[in-house]
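Sending over a structure as structure tokens; questions will come in a sec.
Chain naming follows the written order as A, B, C and D, and within any one chain the residues start at number 1.
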Amino acid sequence: MKITFEELDRFLREQFPQGAAYGTLRKLGDGWAEMSLDVDDGHLRPGGTVSGPVMMGLADVTLYAALLSRIGLVPLAVTTNLNINFLRKPKAHTPIWARATMLKVGRTMGVGEVFVYSEGGDEPVAHSTMTYSIPPKKHEN
Amino acid sequence: MKITFEELDRFLREQFPQGAAYGTLRKLGDGWAEMSLDVDDGHLRPGGTVSGPVMMGLADVTLYAALLSRIGLVPLAVTTNLNINFLRKPKAHTPIWARATMLKVGRTMGVGEVFVYSEGGDEPVAHSTMTYSIPPKKHEN
Amino acid sequence: MKITFEELDRFLREQFPQGAAYGTLRKLGDGWAEMSLDVDDGHLRPGGTVSGPVMMGLADVTLYAALLSRIGLVPLAVTTNLNINFLRKPKAHTPIWARATMLKVGRTMGVGEVFVYSEGGDEPVAHSTMTYSIPPKKHEN
Amino acid sequence: MKITFEELDRFLREQFPQGAAYGTLRKLGDGWAEMSLDVDDGHLRPGGTVSGPVMMGLADVTLYAALLSRIGLVPLAVTTNLNINFLRKPKAHTPIWARATMLKVGRTMGVGEVFVYSEGGDEPVAHSTMTYSIPPKKHEN
């Protein structure tokens, strides 16, 4: 693992100065990460369930965390493709969490998958795959 | 067209009581819609560009508008699949807008595509395809 | 499990009368399946590796098998969405195999994911997610 | 346009020595291409319609042609992501054709979309988006 939990946690808070709007780092391993998100009223659809864009945002940042566990604190890695299937209605007024796993980390891109769950639920509410573009390292060639 | 611009505009404001957080309806036709989104600080990534989840949110609601132009004001249509390619960096501190077009509206699902642009830009910053599940009509069958 | 290995094996051979062109059933469980495919010259790209459409074909039929383990021998289930990431170059002149797992089987649609491997390789050469549309049962309702 | 119709036509025939199994070039412009595919028995599903993998194969090679119109005859460009929505049942025993358009051609990747039609049909039977990885040029940098 190229970074520690504490290093990544600090980095994410700096990158996303809006606070915990995109989630909180919970666990980190070599090529995987878990993050959770408390839901507030701005995240909800009629009926009290979490909206799609909120789940996509959490999936996106959780895969970013999993990628950084492999490549270190690279601020300019950007998502180039995201595919998500919404599988089940999340529980109303319940936090969500995500587990992301890298499927491949190459020199110029990383691909991974993310499962999103309602806290306390057994079955995923969404599943996403993503590609991140990794910027070329400076002073390299 | 099953609804007027005014009917849909009112409906979207009621569905998304957080205000214009997901965008403002700009144009509406039979099977297509355009919406725009003013960017504020909560939408930005470091560097002042719009974040991915914000573009996904606008793409999602714009295709919803395009779908409703065909099926009327159905509140329970939900996204089941979303695929998005991020093509170019949006302009910093510039509103974005999206044009959504239905590719198919069936009895139980609708599929469409969305192009997202920075205001004043010629080339799309993102392109998305989505599937919406259409709930069965009551009192039918 | 709604069907046995033998029932599904026979069914697939009848559905795909071109022979084993789309793969051979290897294992079957409740909500998952494994199939393999011998490569012949018609499947190859320059360099001797399996072409993308061949991997997509195997992924497609393997998820079909996994779906049928849950819903029984339904011939009219059709793929409505397929997303695939090509992760690594398959080994030259080597069979490929796939493992498909359902993520959700609802009344009208099933969603699952598939990992594709070169025979003898540890890391996936491709990863796919798919949605199948399940036709309404006759005499129901 | 970096290549002529005749140059690309010859190149595709050499790249795919199985003959016209993946389609025939029909039109070529700057950033777009059209290809068609005669259907034979090996392409058919029960009912006489073209199978999904056959449509994916045609979509894939047509976008490859569109990409090469911009970057020249690069044999090692490979698909890294493909997303396809199957929209309508193709006509039975009828050739299919595809039109591909690049949405972006960057230094290391190209993204485009493809519409697939049954010959003589007005509405697309499938819609696909794809990412191609472009290999670094030799003698560059």
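The rule we apply is simple: contacts are C-beta pairs under 8 Å (C-beta built on N, C-alpha and C of every residue); 3 or more make two chains touch, one makes a residue touch a chain.
Bear in mind that the values here come from a model prediction, so they are computed numbers and not experimental data.
Among the remaining chains, those touching subunit B and also subunit D are A, C.
Ranking all chains by how far their C-alpha centres lie from the centre of subunit D, first place goes to A. The mean-CA centres of subunit A and subunit D are about 33 angstrom from one another, to the nearest whole unit. As a whole-number value, the distance joining the C-alpha centres of subunit A and subunit B reads 23 Å. If you average the Cα atoms of subunit A and of subunit C, the two centres end up 28 Å apart. Of all residues in subunit B, those touching 2 or more other chains are 80-81, 83, 85, 131, listed in ascending order.
Of all residues in subunit B, those touching subunit A in their complex are 15, 18, 21-22, 41-42, 45-46, 51-54, 56-57, 60, 75, 78-86. Those residues of subunit D that touch subunit B in the complex are listed here as 83, 85, 87-88, 103-104, 111, 113, 123-124, 127, 129, 131.
Considering their complex, residues 80-81, 83, 108-109, 131, 133, 141 of subunit B touch subunit C.
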